[in-house]
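The data blocks that follow each hold one structure.
Each of the next two complexes has subunit A plus one more chain, namely subunit B in the first and subunit C in the second.
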Partner chain A sequence: MSVKKIAKKDFVEFVETLIRKERVFGVQAKGDRFDFAPLESAQDLRLDYDVTLQPPKKFFQPPAEVLMTFEVGGGYQSQYDDEPFVLLGVHPYDMVAINQMDELFSQDNYDTHYMTRRNNATIVACDVAKPSENVFASSMGTAVVKSGYDVLLTDIGDSYVCEAATEKGEKLMAAAKKAVPADDAALKSREAVWAKNKKGLNRHELKCDPAYLPKLLAKAYKHPVWEERAKTCFSCGSCNQVCPTCYCFNVQDDVNWDMKTGKRERAWDGCLLDGFTKVAGEHEFRKQRADRFRHRIYRKGMYVPEKIGGQIACVGCGRCVAACLPDIANPVAVYNRLIDDLGIG
Partner chain B sequence: MCQCCAEKKDIYLPELATVMDAKAMNVTERYLRLAMDDGPFDFVPGQFVEVSVAGIGEAPITISSSPTQNGGFELVVRKVGNVTKAIHNLNKGDKLGIRGPLGDGMYPVDEAKGKNVVFICGGIGLVPQRSFVNYVLDNRDDYGEVTILQGTKEYDQRLFTDEVAAWDKRDDVQMLETIDLPDKRWKSNVGVVTKLIPMIKSELKSAVVLVCGPPVMYKFVLMSLEEHEVPHENIFLNLERKMKCGVGKCGHCQINSTYTCMDGPVFRYSDLATMPEAI
Partner chain C sequence: MSKPKIAIFDFACCEGCQLQIVNLEEELLDLLGGADVVEWREAMSEKCDEYDIAIIEGSITRLEDEERLKLIRSRAKILIALGACATIGGINKLKNNFDDLDEVKKCVYGKDANKPHLATQPTKAVDEVVQVDAYVHGCPIDRKEFTYIMRCLLMGKEPEIPEYPVCVECKAKGNPCLWEYGQVCLGPIIRAGCGARCPSNGFRCFGCRGYIDNPNVDAAKDVIDKFGLNIDDLKTKMVLFGSRQEPTIHG
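On to the complex of A and B.
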């Protein structure tokens, strides 16, 4: 697959042609923050963003989606959103999260709803140009990404290095008529960006190799940190909502006004919310906030990793750190506290 | 749908089944016999189905009948929430949606062969256990001594009374029943189900013990089994959790790292050692 270089002004032109042909979502300013939204003009695309408010997971697992329609007393009919789209500007840590979600939704029982959206997406990733306030991707080994994307862009000053990694990516980049093969200098500049980000996206520094986290958690189940931190937890689920690797959901039926037909929808849910584990008869299995707080940290650092070959399901985006009002969600703070108390090894 | 997904089935899509028979068992429990509209329905005792009532929602219910019995499969549903309330309104000929059978954690139908089998049921816990009880009785020669313990809170909550009476009459089954809050109609054992454990005639130490009941019962039953030196590998527990999707995705039924819907709902007690949230 090819690695090209394209001047920034030519890239704008390329994005304009893309918008005219395809359904394109890209990172744009939203007040003084950034978010993924439908792209109407190439001028609105902000590849110099620090972090988006919401991770791009919403394009694959929307906050609410129709799984099927039904007739009351009759049959069920699967519903799919299968319009192809291009996603512009996914940061490496978010790309790693998408790769993990792909594995989770396709393993054991293949989720055709998630995978239909995923297979219809062309993902243009881009290396981080400006670190966000709470990013710790360098600590999690997710500051750069090597797979999952169709195209990877790296800002090297006056131009982008664009690497097409798949057939889909090649096809997309074919429209960039003014792109030229990347020269050695451009590739070296790209290496420099990678080297810088591998160290520099680290506003919170984890005191161990992330691969050690499952072992750390194996001896931390009864540690006082869960109770201490959860004491001020609002059980609001903000940490779940902004997390690129949170994918728990609830399913609900909705009857149409005719009272004869309806739809079954799934929507995001969060393990921090009270009632998440409640069953009939009012029995709730993680009733205490500390139990739910611990569950989230264990899911990221131990439970989900067991399902995806040891990869840690926290990618260091720092969104939960920013979203948490009582400031207790920071996973690095929790892990470092455990390391201080329990040591490494 | 994309090409690669078109070849795969939608894991969330229910298939239609018809109510072949339905009747109230008491004020809160309703019995239903169902048959799938298309094709056969093969399951192992302990497995569950997700029951859909269109417009209301879906609920996980463990199958109560044995696969050795023909003519569809049976469910017993307690009226506790929206879906179960709607299920209570279903009658013969009505349609409902079924996904399943689900759950890889089933009763140890093969492992228990040649061994004594002890069922310990609390209240509605009899409903899932009944699947394996009847499986064992339909293959009676394959198993050792059979003991069934049933504890119920009140007289009117007793389930499958005809069947229990028939089990009681058999020479090759020890059937023990107790009621916690009895009235004048009850002439037998009084108290909780653990009271019956010392009355088991067959050897308990080498038996396969199946436990199903409300969460609070497990602790006390396990303490008693510990006293009787039953190895943890021989004890199987039916765990209840909120199994929303039933296919290991939605996260609601997770017990530590384990999905109840995938690895359960029946668990070997020794496997729960690494799952502190289990009991």
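On to the complex of A and C.
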């Protein structure tokens, strides 16, 4: 696959042509923050963003979606969203999260709804140009990404290095008529960005190799940190909602006024929420805030890694740190506290 | 099977929640297709003492209203509390913050304060007087949620009302947190289901849907400190819809 270089002004032109042909979502300013939104003008694209309010998971697993329509006592019709789209400006840590979600949604019961959207997406990732206030991707080994994207952009000053990594990516970049093969200087600049980000996206520094986290958690289940932190937990699930690797959902049926037809919908859920573990007979197996608080940390550092070959399911985007009003959600603070108390090894 | 009979009654309120039912427009015809509305003062002149579902709007502020509500309860199979006044007592509970209700009455009604129909008591939510089978929260109610609840009840199914706070829906909408913009938003302790309508439009959550089942008031105090505010900044925001409801912030 090819690595090219394109001047920034030519890139804007390329995005303009892209918008005219395809359904494009890109990172844009939202007040004084940033978020992914339908892109109507190339001028609105902000690849210099620090972090988006929401992770890009909503394009594959929307906050709410109809899975199927049905007839009571009759048949059903699955509903799929299969319109192709281009996602512009996914940061490496978010790309790693999407790669993890792809594994999770394609294993066990293959999730056709998620995978249909995923297979219809062309993802243009971009290296971080400006670290956010709470990013710790360097600690989690997610500051740069090597797979999953169709195109990877790296800002090297007056131009972008664009690496097309898939057929889809090659096809997309073919429209960038003014792109030229990347020269050695450009590739060196890209290496320099990577080297810088591998160290510099680290506002919270994890005191161990992330690979050690499952072992750390194996001996931390009864540690007082869960109670201490959860004391001021609102159980508002903000940490879940903004997390690029939280994918739990709730499914509900809604019957229409005719009382015959209806739809089955699924919506984001969150393990911090009261009622998340409520089952038949009103039994709730994680009734206490501390149990739910601990569960999230274990999901990221132990349970999900067991399902995806040891990859840690916290990618260091720092969104939960920013979203948590009482400042208790920071996973690094929790892990470091455990390391201080329980040691490494 | 004949269609279930619905009757809508109002107590102390602005009748804005009933107005939301009138405003259902096309869906109102669906509701009328699924049920017979036999009494509804705001929209029709007929009256009826036989009904299956009673919808109660407003809070209960007089002894005679308590008696009337109890009679309605005895006639209805299902009783629904409609809107904040009915579900949590709503704004009408503000007066419960005063020790001397006679003073309050004089202040509000002036020379008419002693007229018999103004013999008011401390405000009660509907479930402080009779058993409530379903709650339609909000000031005003959310029309979509109301029709969802009605469909569930007509299906004989329990509606799923969020136990989680407004933050969930606010974050799902991609809103930045209003606390970071200097607003004392009640989202973290107030029941979701409104789709975070106020915060999505730049206004803090006023708390019209009432507290979640298990709000963390300790956390609220911490957050107040973090933003350099004092406890009164929070209490004054909670008083509008949260008066004399649990939990009350002390200190």
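Assorted remarks:
FYI, the second predicted complex is superposed on the first by the 342 of 345 C-alpha atoms of A that agree within 3 Å, B and C clash if a C-alpha of one lies under 4 Å from a C-alpha of the other, contacts with A are read in each partner's own complex, and residues count from 1 in each chain.
By our rule, a contact is a pair of C-beta atoms (placed from the backbone, for glycine too) under 8 Å apart; a residue touches a chain by one contact, two chains touch by 3 or more.
None of these values were measured; they are calculated from a predicted model.
Look at A:E265: by the touch rule set out above, it reaches neither subunit B nor subunit C.
By the touch criterion defined above, A:F70 reaches subunit B but does not reach subunit C.
Shared-chain residue A:D94: touches no atom of subunit B or subunit C.
Once the two complexes are laid over each other on the shared chain, residue contacts for A:Q252 go to subunit B and to subunit C alike.
The partner that reaches more residues of subunit A, of the two candidates subunit B and subunit C, is B. Touch criterion met: A:L53 reaches subunit C, while subunit B stays clear of it. By the document's definition of touching, of the two partners only subunit C reaches A:L325; subunit B does not. Overlap of the subunit B and subunit C interfaces on subunit A: residues 252, 255. On the subunit C side of its complex with subunit A, the touching residues are 27, 30-31, 33-34, 147-148, 151, 154-155, 157, 160, 163-165, 167-168, 171-177, 179, 187-189, 212-216, 218-220, 222-223, 226.
Per the touch definition, subunit A reaches subunit C in the complex via residues 30-31, 33, 35, 53-54, 58, 63-64, 231-238, 241-242, 252, 254-257, 259, 267-268, 270, 273-275, 289, 323, 325-327. Across the interface of their complex, subunit B is touched by residues 67-68, 70-76, 78, 80, 82, 104-105, 108-113, 115-116, 119-120, 221, 247-253, 255, 262, 264, 266, 269, 271, 276-281, 283, 285-286, 291, 295, 298-299, 302-303, 306 of subunit A. For subunit B in complex with subunit A, the residues that touch the partner chain are 1-2, 4-5, 8-14, 16, 52, 54-59, 78, 80-81, 84, 94-95, 97, 214-215, 240-242, 244-245, 247-252, 254-257, 262, 276-277.
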